[in-house]
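Each structure below appears as structure tokens.
You will see chain A twice below: alongside chain B first, and alongside chain C after that.
Right after this comes the complex of A and B.
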């Protein structure tokens, strides 16, 4: 359980990260990185997949959506605005505006209707001084990455030092700890067998010392390995037990189900009410499909 | 990583719980509790299912097998002996001899060939004094349950007190900490929303203070809830991250895969060698099946 509630809003819907509530699933899919066809479509001005991916991910259980427009040599501020408009028109879920380009974050915030999660700032002085005033001015919340210009620290205690700096800097700009969501950084275990252990230790330290909400890119852990969904599905409950309260992640059924199972196990779904309701809905859908199948046959 | 290695042996095979090695999956299935047909077969002297269940569970990834003969009004020592003989004849995996009846444990140990895991003793004085000498005499290892005659403690610290007592009593009988495997007790989350949280805290405390190996009945957590395998598959990685080194559990694919994924994530499968090998074997088996399918068609 985190000490704070981070409230995000779309035009019509409010989502809370943390407190005693369930984990916040942030769909990772609206991101052209590693998606060649999607990148080509976006480059040519075809945004149809943005809305489609938004609808699919929300149907699969996403509470929020990450939107990223990072394509080399495009006008990222303009593209991000167009993608945010398309996503907002398609679904009610609040959005995590994802860019490393300050101008793109600014352009995105200017078209976002609600309270966005801005992804991200690091512990680098110049980034903090550029991005935090922007977040404060728009009344948004911000993701803070536990690294600085020297790279990603190898130990949990070094990462914690960056986190303290980000939380303090945010306070200086009038952003309270409830609106700082820390990314403890998940690296791939295929490149470093200690990667996940360090991430879990970082999560535990942040939870016990600061109690702020946390969000990480969960799919990173399995990069380069086979059966990635199964690895991600095992990683998420571990990270949740350590104190993680949200993730930018795949909405593959096995991953979302692992999160909802962990919610129940950790007491964030009292008496399994949501778990049992989801099970009943699935059984009902299967029965409907089974009844319709023979009638649909020629 | 636990501080000790618990070595178990069958006639021909050695299995290690703990150290830096992978998690030890102990198949739960050879147990008549809640299996009406199996109980009837055993009662009538038909032991065919013991061997079949042993083979199936080992094929599904079990490193060891639990064998329990607890049927009301049967001669449990005699039945347990027969079941142990059948299981030993069917597979090479070492066995966890499971009974609450001291005479049955004694009878089981007398026919077991190798170094067994005796399941279990509690922190009750009379149980410790009856069972530990038996374990010592047979050179076996023992599962110690973190409860006493007053029931299962609600808090992790109270459970730890029982664990300290068991480890100390074992030492008095010449059984070192490497041969004491503690059951931190997993209760169903359907009856108590704090159940899993307390179990995870107990595991962490035992791991940091005593460093002994641990084993629990993982399927208990999901009792009475739908989609039990999915809940168990989310629970196991959490418990492993906290320090659990073995479990008596279902060998359903989703559960075993969650354990092997967690092994990789926690650095107990360096560079994913086992994970990748299992993936390749699965792909090869699927290809073989696909090639044979058309030929088998009429």
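Right after this comes the complex of A and C.
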């Protein structure tokens, strides 16, 4: 359980990360990285897939959506704005504006209606000084990555040092700890056997020392490996038990179900109300489908 | 074991990333007089090429590629001084590094191994290499080619930054610039003003040789 509640808003809806509430699932799909066709469509000005992916992910259980416009050699600020408009028109879920380009974050924030999660700032001095004022000015919340210009620290304690620096810098700009969401950094276990162990240790340490909310790119743990969803679905409950409160992740059914099951098991879904309601909704959907296709196999 | 059997063992054990078996095989091979370049060209390089091909087809996964590259690296550590003795060098000098902000080194290391195998002298600056460091090392080693590796869309702009730094230091005409890494394309390489790009390690070797020849034919010795 985290000590803080990070409140994010769209035009019409509010989502809370942390507190005693359920885990926040942030859909990862609206990102051209590694999606050739999507990247080409975006490049040619075809934004249709943004809205479609937004709707699919929310239907699959996403509470929020990540939107990233990182394509080499494109006008990222302009593209990100267009993508944010399309996503906001398609769904009510609040958005995590994802870019490493400051101008793109600025452009994105200027068209976002609500309170966004800005992804991300690192512990590098120049990044903190550029991005935090922007976040403060727009009344947004920010994701802080536990690394700096020297790279990603190998140990939990070194990462914690970066986290303390980010939280302190945010406070200097008037951004309270409730609006700082830390990324403890997940990396693939395929390249380093200890990678996930270090991530879990970092989550526990940050949870006990600072109690801020945390968010990471969960699918990173399975890069380069087969059967990725199964690995992601095993990782998420472990990370939640350690104190993770949100993730940018796949909305594949196994992953979302693993998260919702862990919510119940960890006491974030009192009396299993959400778990049972989801079950009823599924049964009802199956029955409707069966009635609509009476001639189908028994 | 016969020579053939040892070469077979080297091929198979590199393929499965069994470093101790590969090191052992190389030592046995040397003891019974198999020429170092024979082990390299007839067993180790073909094996690593097969690893690359399997990865591309989706039959091999990242951990398998990593341990195969490590096994090959172990063999090269033994063979390198011997290859230098037999004069299997002199193709050119290649200075390689992963750009600032980026720690991906598997692809770069594979290139290094193949370049060394092909007779290049390779100087590896490692990962997260700042433009100033590239400049300093280019001045110190005067390589024929400098290679920049980047795996993140956020670090690819460092290619341009590095090239700008080269221009500022007055070194741009003295060295061939090659770029590579998973998200890099020929189009991007052209846009930042690199001399060469390649999508994998074996074509990187070909491209580097080609560019060096082109340059040597242009610049009177």
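Brief remarks on what is shown
Keep in mind that, in the parts below, the second predicted complex is superposed on the first by the 294 of 298 C-alpha atoms of A that agree within 3 Å, B and C clash if a C-alpha of one lies under 4 Å from a C-alpha of the other, contacts with A are read in each partner's own complex, and residues count from 1 in each chain.
In this section, a contact is a pair of C-beta atoms (placed from the backbone, for glycine too) under 8 Å apart; a residue touches a chain by one contact, two chains touch by 3 or more.
Nothing here was measured: the structure is a model prediction, and the numbers come from that model.
When the two complexes are overlaid on their common chain A, residue A:190 makes contact with chain B and with chain C alike. In the superposition on chain A, A:100 makes contact with chain C only, not with chain B. By the touch criterion stated above, A:45 is placed in contact with neither chain B nor chain C. In the superposition on chain A, the chain among chain B and chain C reaching more residues of chain A is B. Legend: residue contacts after superposition of the two complexes on their common chain; A:33 is shown touching chain C, with no touch to chain B. In the superposition on chain A, A:226 makes contact with both chain B and chain C.
Shared-chain residue A:279: touches chain B; no touch with chain C. In the superposition on chain A, contact of A:70 is made with chain C only, not with chain B.
In the superposition on chain A, the residues of chain A touched by chain B in one structure and by chain C in the other are 190, 225-226. Contacts from chain B toward chain A in the complex involve residues 189-190, 193-194, 196-197, 200, 221, 225-227, 230-231, 233-235, 237-238, 240-242, 257-258, 261-262, 264-267, 270-272, 275-276, 279.
Residue ranges of chain A in contact with chain C, taken from their complex: 33, 70-73, 100, 149-152, 188, 190-191, 223-226. Listed in rising order, the residues of chain C touching chain A in the complex are 61-63, 66, 100-101, 103, 106, 127-128, 153-154, 156, 183, 185, 187-188, 191.
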